[in-house]
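Across the two complexes that follow, chain A remains constant while its partner is chain B and subsequently chain C.
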Partner chain A sequence: MFVARSIAADHKDLIHDVSYDFHGRRMATCSSDQSVKVWDKSDNGEWNCTASWKTHSGSVWRVTWAHPEFGQVLASCSFDRTAAVWEEIVGESNDKQRGLSHWIKRTTLVDSRTSVTDVKFAPKHMGLMLTTCSADGVMRVYEAPDVMNLSQWSLQQEISSKLSCSCISWSPSSSRAHAPMIAVGSDDSNTAYSGKVHIYEYIENTRKYAKAENLMTVTDPVHDIAFAPNLGRSFHVLAIATKDVRIFKLIPLRKESAVGSSGPTKLQVQILAQFDNHNSQVWRVSWNISSTLLASSGDDGCVRLWKANYMDNWKCTAILRGDGSPVAGSSSQAAVPSTAGGPQHVLLQASSAGRKKAQLIPG
Partner chain B sequence: MEEVDVEPTTTPIPGFDSNQKHLGFVWGPGDILVYETIYKASGGSAGGCPFVHEVRKDEDIYSPILRKLFNESHHIFVGLQRIREDLPMYHVSSLELIWNLCEVLFIDAAPAGSLVLHLLDWVRLHKADVDEKAREVLASESPAEHQAYWDVVISYVLQGRMDEARQVLVKQAALQPAARVMFKLLDNLLMKMPIFNPGETQTLTEFDVKWRHWREEVDHCLQDQSFASNRHLEDICKILVGDEDVLLEYKELLSTWYHFLVTRLLFSHPTVKPTELHYYAQVLTTTLYMIQKPLDSILLAAFEFDIHQVIKDCSIALNNWWFVGHLTDLLDHCKLLQSHNLHFGSNLREFLLLEYASGLFTHHSLWQLAVDYFDHCPEFGRVYLELQIERVPLDTERKALKVIRICEQRQMTEQVRSICKIMAKKALRNNRLGSALSWSIRAKDAAFATLISERFLQDYCAKGTFSDLDLIDNLGPAMLLSDRLTFLGKYREFHRLYGEKRFSDAAKLLLSLMTAKIAPHSFWMTLLTDALPLLEQKEVIFSADQTHELMFCLEELTSGKSVPTPDRPMQVLGYTPPYPLSNVCFPFNLLIHCFIICSNLYSCLARG
Partner chain C sequence: MEKMSRVTTALGSSTISGRTMFCHLDAPANAISVCRDATQVVVAGRNIFKIYGLEEEQFVEKLNLRVGRKPSLNFSCADVMWHQMEENLLATAATNGAVVTWNLGKPSRNKQDQLFTEHKRTVNKVCFHPTEVYMLLSGSQDGYMKCFDLRKKESVSTFSGQSESVRDVQFSMKDYFTFAASFENGNVQLWDIRRPDRYERMFTAHTGPVFCCDWHPDDRGWLATGGRDKMVKVWDMTTNRAKEIYCVQTIASVARVKWRPERKWHLATCSMMVDHNIYVWDIRRPFIPFATFEEHKDVTTGIVWRHQHDPYFLLSGSKDSTLYQHMFKDASRPVDRANPEGLCFGLFGDLAFAAKESLISGDANRKPYPGGDRRYPIFFFKKPDLTEQFAHVSSALSVFESSLESKRMDWFVKTARLYLLSGKPFAELCDHNAKVAKELNRPQVSTTWTMLRIMFSDPANLSTPGPNHIGKLGTLPLMNSFSMKEMGMGTESRLDRSKGESRQDNIHLELGNSLINSNNDENEETEGSEGQAEYMFGDAELDDDDLYSMDMFFSLVFSAEEQEYTLPQEAFPLRHEIMDNPLAPEHLQQDKADSPQASGNEAEVMCLTPIESFSLISISQPLFSPHLPAPFFCPVVREMLSHYAEQGDVQMAVSVLIVLGDRIRKEIDDLTQEHWYMSYIDLLQRFELWNVSNEVIKLSTCSAITCLNQTSTTLHVNCSNCKRPMSNRGWICDRCHQCASVCAVCHHVVKGLFVWCQGCSHGGHLEHVKNWLKSSSHCPAGCGHLCEYT
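== the complex of A and B ==
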């Protein structure tokens, strides 16, 4: 693997999340500098910042895109106890020429009393729906009943747990065989309550989410959680970032019937793999689009890629690690990528067309 | 056999220190973005964050050479699904080596006798340096004195290329007329070496007898010391009788254990059976050479006819799924693979093809090849395709239509709907109402079609004209998708009829829009106002009954409901009111309507 391109992100503080849109042509970054930036990929592969605006009054932890069927919509969540939904407005013609666009806030979700640690949109077949989770252990499900009106969101359900929540993942399955599921992870270090992953299932009858499973074997704080794309399987695969990387298989135990089922499906939980290669806390896990690779990021400052062969044996296939050279200079980078450049790097010049590899001068 | 273990590669990310920061990441299509961050909840300021890095795999679909390969192999793959074709040569050397060996052993499945010859061919293919060296030597001033001369001769002999060896030897013979007899003798032996010819009626046994006879003759010459005066010629002779010690001396020329193996077989066991191969390979590898590279294990597994081991080792050692996927597919086609039962029921071939095709999907043009691969994965191909085809960026209408066509051909209705919806949304956002409408119709999205129809009508009210007339005029049965859309279509039709002066048809239509409840109430005022010029015509257009209905509509409209005044100009109907209607306040407006309608009614009645 190699670094093909380096983009001067130009946030004035740490980036906490980067999110690609559905088609991989746009990306959003959010930071402790309280802003979100949106980047567009041009035909020759260059990234251009088309919007940058202050979104919250505290660090922005996560940013995520809605499905493009709903338009160009972002959600962000922050230390300032709120989550917000943003929509892109096609700008005036001179803005368009300058390649800029505007994002306006459609709604602020203010129900949380503590830092909102994650926000995720539901799979599109559920409509325009999102879930937030907070440091005080409350998970909230919101829905916009009229998808054409992004200003109206109703709180569908609030679920409190005694443990602070750090992460959410929606099961991506759109198959009729599976009811919608949400997994919530807790980074609470309280050992009185074991089982730091809760799984909730949507019950058709009550139109509410009910707890289906608590992964009791996960006793350490959980920092991230991710369902793998379903790909026609009858069971679910869930990756967890905790003191190691764990991959669980969740097998629904009885045939669900949409009508008449009064409780969540029983799930049999099996562990598929466990890796402690990071030798430390694992902070993020994420599946690639075809679910053939899992990536994890740990306290050891590395990103590791994991792959299963056809016999379901998992192996680490690649490692990404900082090369040890210190961060280039101060944060006073030039605003335009073409002129920025710290002592350790030469950036891809925005004006040079067609070059795909960044030329890097070793520090 | 032990599984080949390959250490994961480490890719350095510039400009940040693993000891101080964490590495954040996000998966992209075909790449992974990384950035420095700190994963702690406190979120204190820790200094600016310079860069986000795009990280990609090395061997890649971005390489033009590999792209050509992918295109070629795709072509072959598709053909293979129908009939087996002759496979062309690939130019990636290790992969080629493995592939060709698999062909020889598994596909051609040469029996004893031919086997050695096929293996010889295989070795020769991959030792092109001999010919190069030979050319160099022969091109030199005095070939027989070239320092590589004997290397060339011996290499030819080791490869069983006796004719070439003889041709080169002639040069030496010319230099040493005194040793003419000796050279002639060797030349004779080389010429007479029996080569199994599967086409002839000679049986293996007959060949074996002939070969042993020849070998005795060569041995005899050796015992006779016929070549004692020339070390090289003697070595050649010893090679011909399969003298292992001498073979070992020429280890460098042989360079690999598999060359050694094949050469040894040629001169010691030319009638080797396929089932015996692995024994000779094992002996060689355990006593003479060390198996080091993953390539060696793969080849050894092939010699052992352990197909699954070959594929397993390939899939671990080789990063390129193209190769493994195709190899597996090829072997599967020859019914040489037995499916392992995977936990989700798929077989190995499909697993690998799915992997390979998924990798192709991230490329901006190769993704179309991937579609065919998914089509030929009966168990999971469809669901993989459904998942990935939605992600193809819809940069242009043309591309969107291409993707849609692929989905429609496979009855992927949900994907078609989704793509159309995305395009409709995009068009609406950019105020291209016509495009938005046609995409919503294609998506069969009634709600969105209604919304866009409303926008059309609003635009009409504001500007007095319709945009995208072509589209609206030719809606056809698509008009029925939503009530509002039907109304839009019919309303436009009314305008057309009026423009063509087909007044009674226009009148009938206008009325039906209200009586059949196609028109939304909010629009009735506009419609009634549209009726005015028709009422004003000299000839009677509305019949008595129709006029009644008009009155009835007016009544319904005014019964307690607040109706917005029509503010669109009347010019479009060619009607210039003698008074500016827009200046007239609401109730008076209506009175005028009533008056006109009533007068029409009376004139109808008057005429009976």
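== the complex of A and C ==
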């Protein structure tokens, strides 16, 4: 079902995050070696590294793409207490390095006093916004008032919680019925503090985010959190990576006096599924685009895929080993190892980035 | 933290014990130093000069060396050092340029021993010789280093670095005569104490000031330096040229660096500003601190390992006026919180996965979850000594691609491309879309389209294939069981509205069950269509094939039942091999082909009667009669669309919404519609299906959506002749009266797609320009511009 294609990433330390862009043709990786690499998919499906540069003076925890409407833009966050926004500039046409892309730092967000553990862009319809969260428990919301000027970001709001934050996720819903929503997970190891996931909602009246929900049942450190793509649903689905994989359903309860809401929407929280198949810490969760499949990875070095049947019963449909070897006991025989050699640095890979030099119009 | 820990040192005889503890000082500390037997620590600062005893539970103030009513500037210390051979001997570097020694053995309150006022500016560093009792070295802001013999009143020799201020001086641990000095201009010099005229060696270690240096306690050649450039570098000095062998990147300028005792690869650093933490690095893994101590609230100014053979106790003084003893076991380990894996789903169902190699290759280094791994009995766990394990690690990156046959999102792209949403009569659109869905192996979607056609078509236009098809599929026994059941429930008339309503309730019930109650224990019973069928048909004995054909039949006949049937199965498309059964569209075509028939009610009856028995006629008459108005189905369709949307198939919801148009629009509130449109358009744009996306935008009725493609529609064009901006009156330039839209390649006027270079304004037919630029990089108009087509 799946073919594993291994890529010689050539990072000098742990890779902490992998991120696909909006169209699924580019990939960014970040590592403790303080660098970020950008990979472009060639026509034959190979991934070629088109850029690699030092981004921070500490481990880079996360890297994330902005919507391509804003250009080819990446954000990264690091142990060095900063988050940075990068934009790709394609080499000049008469340049020897034609097609080689350069990434330019547009801004450094230096408000945090501790390690910045996650950075995420807001859904496109909200404009150019991003949030960061840091190890001292502060979540920050930034906005670029002028989308053409990536070097100017204003800090909209700071929300402190007592617990160190580890991950953050925007609700992708574009419905006007849903207020913008952010979920923040904490990796504080003290299980005495219950509620390691906080959900904040934008309040139109105050123009601020306020706490809407606290998932009290999550008491173990949370390492990753991901809203499922909304796709026209009336409710939200949230996956959480903690000591196990959990899937929550958040149903907004429509208030009677909907006009001029002064407080956050009440959410009805249901737990849809909970799996400890990894038998260890779960580090990452990720949804596919149609939000029918959830992938999780844990300390066991395996990726597990989860799928719901029509009854909303979630079941494991595949187990993938990181090196592509099949896993005994996997329901579907996954991962035929066909290890393609590491990609060469193909420099003349035309990049889709930058501003188009040619345009089409009906004549 | 409360627990005491006892650590035996390499010295064996003396045992250090203690815990993480701190005490408040009266003033910010500038430097600290510890006495040889690790029982006392001296803290020096601008306004403080005290000795504290290190006890098990706390610091105890032993002695205040700032005496006298008006302490002189000599007490204002930039640095302090306790002699490692002579217990009573201390030296301080004063901010006024004095080097002072203190003899604790003095009986008087003032312990000041000697005073050297030879430096002209602040003395940054003092350093005793590690083995020689009377030899003291100082380094000053004035750029000189001086060596003092404590038996004499003045310095023995002066070393001129001739490269700005001296920040640090350190005697080599192994070479009796050698010392290293670091400078503000980034240089490090090596000196022989016997040759004050010239340094032995000099090299540039950092860009910007080198604030500190430290010789490795065991390896004679290694020197660690830290600078304002945020780096710690380790130099191998045994070779002819100083060779950088390790480099650690920290997050702030490095103020102090101290090798960790008994650990070859470890060193501790603290920063001069911004960062208040103390880091312990393993130089082999220079990116992540091995351990951090985060207690201080202000800049840490002095760090010292408590005992030269004990790696577990670190003392630190800070500008926040505290003195800390850090226990290594209480340190935080950033790497423990670092995520060893990255995982991301791509758009096409491929999965990028990066993981620590040791996690993938085996369970060797796997940390068991605190709760215990249930796969192994607990006694199999051997706890590796994680505290000191910090080897170099790397990650493996791989992409799992769904193999081509089952490319997971292909159906979406194909469906989006092939669906017809407008431009044809309603029934044809439905048929077309049903066919598309069928070809993509989505029988449920296909059935839904067929159903929609039947439900919403005018009876007059209702084409015959539907009933005809039923007639062929539905076997007599089926019909009988069906009719019996319905008969049992009442007369035919009750099939009308009241019936529909009761079915509605059932639907709600079923939906409720399936969506919300995930703990339903009767999953097995309701799974798939069998359960539903039984529910509907009672005891009727059916084999599978019959069942499907019957399902098909019913979905065609009763919208309500169809709902019950399709909804659950939609999430389960591949479970039943429906494709193996005779499929509706094929039949439709077939039937169309071999029975050219008139349309209308008459035909309907006609084609039913010859095949089926009398009982069927009596039933099917009211079912297919035009007495069921289209609005009757609207609530059902609304439910269905919501169901598709909640299942993640917003494509279906939007497509049906567009095709049905006014028939259903009023049933669904605007917000939801807008939400569906937005979601679908976003998806289409992800797949770069711009044309489909634009079509959807155009066909939508939500004002918020239709305006999406009406922004930024202005194009500013330059005349390709005179290069002036064109007016908006067409393609004839105002100034040169030439047609601006002439193809530069074929010199004809372009009708259709026109592409032009924004640099030189020349352009032409898309294909022509494309071909031209394949062979040449210059503008086809010959203007010499290097056009770029991206």
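Definition applied: the second predicted complex is superposed on the first by the 304 of 363 C-alpha atoms of A that agree within 3 Å, B and C clash if a C-alpha of one lies under 4 Å from a C-alpha of the other, contacts with A are read in each partner's own complex, and residues count from 1 in each chain.
Quick note on the criterion: a residue touches a chain if its C-beta (ideal position, glycine included) is under 8 Å from a C-beta of that chain, and two chains touch if they have at least 3 such contacts.
These numbers come from a predicted model, not from an experiment.
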First (chain B), second (chain C), both or neither touched by A:Q72: first
Contacts of A:A210 with chain B and chain C, given as first, second, both or neither: neither
Which of chain B and chain C A:H16 touches, first, second, both or neither: both
Chain B versus chain C as contact partner of A:M148, first or second or both or neither: first
Which of chain B and chain C A:A177 touches, first, second, both or neither: second
Touching partner for A:Q34 - first (chain B), second (chain C), both, neither: second
Partner chain in contact with A:S57 - chain B first, chain C second, else both or neither: second
First, second, both or neither for A:I319, with chain B first and chain C second: first
First (chain B), second (chain C), both or neither touched by A:R81: second
Common interface positions of chain A, toward chain B and toward chain C: 1-9, 11-20, 22-25, 27, 29, 31-32, 58-59, 61, 79, 115, 124, 135, 166, 187, 223, 229, 231-234, 281, 283-284, 286-290, 292-293, 295, 297-301, 303, 309-312, 320-324, 356, 360, 362-363
Residues of chain C touching chain A in the complex: 230, 249-251, 285, 287-288, 334, 337-356, 359-361, 363, 366-369, 371, 373-375, 392-403, 406, 408-409, 412, 514-516, 518, 520, 523, 526-527, 567-572, 642, 645-650, 653-654, 671-672, 674-676, 678-680, 682-683, 685-688, 704, 715, 731, 741, 749-759, 763, 766, 769, 777, 786-790
Residues of chain B touching chain A in the complex: 8-39, 41, 43-58, 62, 312, 315-316, 340, 342-344, 348, 351-352, 354-355, 358, 361, 380, 382-384, 387-388, 390-395, 418, 421-422, 425-426, 429-431, 451
Residues of chain A defined as touching chain B within the complex: 1-9, 11-20, 22-25, 27, 29, 31-32, 58-59, 61, 68-72, 79, 88, 90, 115, 117, 124, 135, 148, 166, 187, 223, 229, 231-234, 281, 283-284, 286-290, 292-293, 295, 297-305, 309-312, 315-328, 330-333, 342, 344-345, 347, 356, 360, 362-363
Partner chain C, residues of chain A touching it in the complex: 1-9, 11-20, 22-25, 27, 29-34, 45, 47, 57-59, 61, 79-81, 93-94, 115, 124-125, 135, 166, 173-177, 187, 223-224, 229-235, 243, 270, 272-273, 279-281, 283-293, 295-301, 303, 308-313, 320-324, 334-336, 350, 352, 354, 356-363
